[in-house]
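Naming follows writing order (A, B and C), and every chain is counted from residue 1.
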Amino acid sequence: MEKFQRGKGNGLTDLITSFWQTYNTLIYTIFVHGMLALSIYITLACGQLSLGNAAFMGIGAYTSALLTMKMNAPFGLSLIAGGMMPAAVALIIGIPTLRLSGVYLAMATLGFGEVVRVAFLNMSITGGSLGLNGVPLKTELWHLVLVIGIFIYFFIRLRDSRFGRILEAINEDEVVASVMGIKTTYFKVWAFTIGAFIAGVAGGLNAHFTFFISPREYGFEPAVDILTFAILGGTRTLWGPLAGSTVLTTLPELFRFLGPYRLAVNGLILLLVVLYLPNGIVSKETFKNIKKIFNGSGCLN
Amino acid sequence: MRLSDKIMILSLIFIFTASVSLAADIKIGVAEALTGPIAKYGVPIKNGFTLAVEEINAAGGINGNKIKLIIEDEQGKKEEAINVFKKFIFRDKVLAIFGPTLSNSAFAADPVANAGRTVVFGTSNTAEGITAIGPYVFRNSVAEADILPRVVSIAKKKLGIKKVAIMYGNDDSFTKSGYDVFKKAVEAENLQVVATETFSKGDIDFSAQITKIKGLNPDAIICSALVEEAANIILQARKLGIPASIHFIGGNGFNSSKLSEIAGKAAEGAISGSPWFLDDTNKKNQSFVKAYRKKFSSDPDQFAAQAYDALYIMAEAIKKVKFTGDLEKDRTSLRDELAKVKNFSGVGGKFSFNENRDAEQKGRVLIVKDKKFTIFSE
Amino acid sequence: MFLQQIANALALGSVYALFAIGFTLIFGVLEVITLAHGAVFMVGAFAGLIAVTRFNLGIIPAILTSMLASGLLGFIIDFVAVRPLRKKKYHHLAPMIATIGCATIITSISQGIFGAEAYRFPFDFVPTKSYEIGDIQLTLLQLVIIGISFSLMIMLILLLKRTKWGKAVRAVAENRRTAALLGIPVERVFQITSFTSSALGGAAGVLTGLNFNAIHTYMGGPILHRGIAVIILGGMGDIRGAMAGGLILGFSEIMSVAYISSDFRDAISFGLLFLILLIRPSGIFGKVPERKG
């Protein structure tokens, strides 16, 4: 019996090895998308909708890739630089932009994202539309786990801090918050900058396991994708965006067998989730439904 | 080692060898963009492969072994391409991989194949530096760098061109690569460039660029664009009054029956260069075009032709591989055999790999006449 | 040259405006950014194409067919994806995400039906003629595009201004609760608005397909992107704003190619958008922004 178990264990190890070899990029991508979802979560947490996070990701990706490729910088350093660069840009454009709110802010950041994309296309150091090829493979699983762990820890601490409560107050009612003497723009710019930092680090990590980056990866569609991660997952807690990004990254791979209609099924699931859980996967409704099932009343009643 | 251990190991070996010797199929992975906006290039490529495989298998396969294509969609996205490549290499355990559709995806996914010591054969990647990724990376995509300078030089000689205007798509690596080659060629021929205008994917209107160019009176317009854009640029140019005497000169993007299908009479006189064209009268090509039309009820384009040739090139190399049952060894010996391919004769004429595993193939300069490409100069 | 470029800009801008006008109308009344508008535009182009190639219809009947098809599609999208979210207390962006789901489904199924290929209207469907006025060469097609776009837009404005239905729509856009109290069938207004807006999007699809002869399933993406810029520029939900915004984007694109550099065309257009928002946060015609989704 004991040996049988061991034999099976070996088979299992093989299975795990081959699973890991096949799907490690997918798993890495889940982590990166998780970070991107968190990067938009912090701006959403204070009621601001930013569509600039794909551009920030791009700035981070180019910064860190260029540092490792041209200057041989240590990976940790180029990652931090990849976060600081977009954060600095966010600080500069955030001060005028964040006077806008709601959908207007979203569109201003969209315009900003387009300017960044065209800049990537026309600079010689970024390689234009040919992109940067030959980015060294540096990202490992533990980097991703560590980085996302730090971000999650940060968000958990944030929730109970003064800064966190201020963001919540701005989200509840910006006018009331400013009447109460809170410098709302100041805190909004901070949230925006932190989001840019996270997106930049995610971009740096992504660049170092995909060998190649080009401007078209940081345009309009990725920006909408990042927003979708967060909204689909739910924006009440930080677990929502993480759940949303995980689901949306895994689905296309799961439905590979569907062939040409795989995207249609993806869209259908997106639609159904929004219709039945309009506040996201991680939301009160979901918990209520789970409770109902456990109480035996069933969710059909 | 106890007896039960030995039995387990023996039975595992037995199952393994049995599955290898029973499966006489040679598995080849095809990773192309089959859905999404890039699918218009990925689908003809897939068609080229499937047609070639059907023919080979119907003729008895390679040394009696049938080829089995495992086709996956990579959507023209780099992460998807990497995922598909890894699935092919580690889970499906293919012998070799064709694809991906875009150069961008190739830069991301080919290193994976190279590190996994698996041949990857690109049929549509034209960007510079693809084969420099490593010794397992091959391609037969026409080296525009060879043919386009000849196109420019012959057009200059035959048409007496002195001033040109250039238009290209600057957000696409395919058209940007083509532009880079044209730019060098134009400099080498001492042609005067009166204007360089760009456009982006999804543009529906080129009147601003064309109006500007029209005012500068070039003798010809060089245009590095994909076929839909190219055809519409030509069409809009003629409507805005650029006369037919001003020829359009283009790269690979022009080489499709879609050019005349979309632009109609306006495309007459368009010049391009390629080893393959639809109405080439060589026997192989005629039977390919006939079979393709019958199976897919549309004309093959250059992407389909290159894919079709690529599969036959691969088959020729597989024929010489001595299979050992050890996948890693077999993959490496396939690499070595593939690198030796010389003077293969396909639908695009004679083909060899050069020392960089890039295409060495004679291109011809073509011109559109009566809605068809014909030879302008051998 | 300059006059010619103005004519070019007018033709391009009028298509943008026609696309954006429906887009902005849905936002103004339903308070939803419908990201399925690009897919509706594509379906409109295909419907027009089928009307012409299969049923040999002329340009006006083809456009009407296309408007009917895309209008119905818009109605269905509203019914399936947006209406259920009107009743609940939801995240204000949830309907937008639902329309992304719809767009994915529609484009994916269309690609399954029509394949990845590009199609075109028959040759000389709009005869290749041009008229020379001084230095300007106006093609018949440009005239057709400008003419049809503007007549449709003017018709919409008249409908909104002069008819009972238009008044109901404007009342709902102003305040749906008050409108409901006044006995306006709000739900019906939503449906009619979705239909009308999508019909205009479909017409824009046909006109685009006439100008750029490559109708394919992913043609809605780029114009959606520009459409968003246009409605922001003009002020969200404002019809005149969308018209002005479309023309401004057309002019900025054409003029930056003509007099600056085609490399920076998109950066200039979107940079302009960015600046206008900073100076006038609610767009050119927009009112003081409320917190809308």
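By our rule, contacts are C-beta pairs under 8 Å (C-beta built on N, C-alpha and C of every residue); 3 or more make two chains touch, one makes a residue touch a chain.
These numbers come from a predicted model, not from an experiment.
Trainee: What pair of chains has the most C-beta pairs in contact?
Mentor: A-C
Trainee: Using only Cα atoms to place each chain's centre, name the chain farthest from subunit A.
Mentor: B
Trainee: Report, in whole Å, the distance between the mean C-alpha point of subunit B and the mean C-alpha point of subunit C.
Mentor: Roughly 37 Å separates the two chain centres.
Trainee: Quick one: report the Å distance separating subunit A from subunit C, using the average Cα coordinate of each chain.
Mentor: Their C-alpha centroids are separated by 31 Å.
Trainee: Which positions in subunit A touch two or more other chains at once?
Mentor: Where subunit A meets two or more other chains at a single residue, that happens at 121-122, 260, 262-263.
Trainee: Note the residues in subunit C that touch 2 or more other chains, in rising order.
Mentor: 108, 111, 221, 225, 263, 266
Trainee: Subunit B: which residues touch two or more other chains?
Mentor: If we look for residues of subunit B contacting two or more partner chains, we find 35-36, 170.
Trainee: Spell out the part of subunit B that touches subunit A in their complex, as residue ranges.
Mentor: So the residues of subunit B touching subunit A come out as 2, 4-5, 8, 34-36, 72-73, 78-80, 82-83, 86-87, 89-91, 103-104, 107-108, 111-112, 127-129, 133, 170-173, 176-177.
Trainee: Given the complex with subunit C, which residues does subunit B contribute to the contact?
Mentor: Spelled out, the residues of subunit B in touch with subunit C are 35-37, 39-40, 42-43, 170, 197-205, 207-209, 211-212, 215, 228-229, 231-232, 235-236, 238-241, 258, 261-264, 298.
Trainee: Of all residues in subunit A, which touch subunit B in the complex?
Mentor: Of all residues in subunit A, those touching subunit B are 3-4, 7, 18, 21-26, 29, 121-122, 128-131, 133-134, 137, 210-212, 214-217, 252-253, 256, 259-260, 262-263.
Trainee: For a test of understanding, state which residues of subunit A touch subunit C in their complex under the given definition.
Mentor: 49, 96-97, 99-104, 107-108, 110-112, 114-115, 117-119, 121-122, 220-221, 224, 227-228, 231-232, 234-235, 260-264, 266-272, 274-275, 278-280
Trainee: Which bits of subunit C are touching subunit A when the two form their complex?
Mentor: Interface residues on subunit C, with respect to subunit A: 33, 35, 80-81, 84-85, 88, 90-91, 93-98, 100-105, 107-109, 111-112, 221, 225, 228-229, 232, 236, 263-264, 266-267, 269-271, 273-274, 277-278, 281-283, 289, 291-293.
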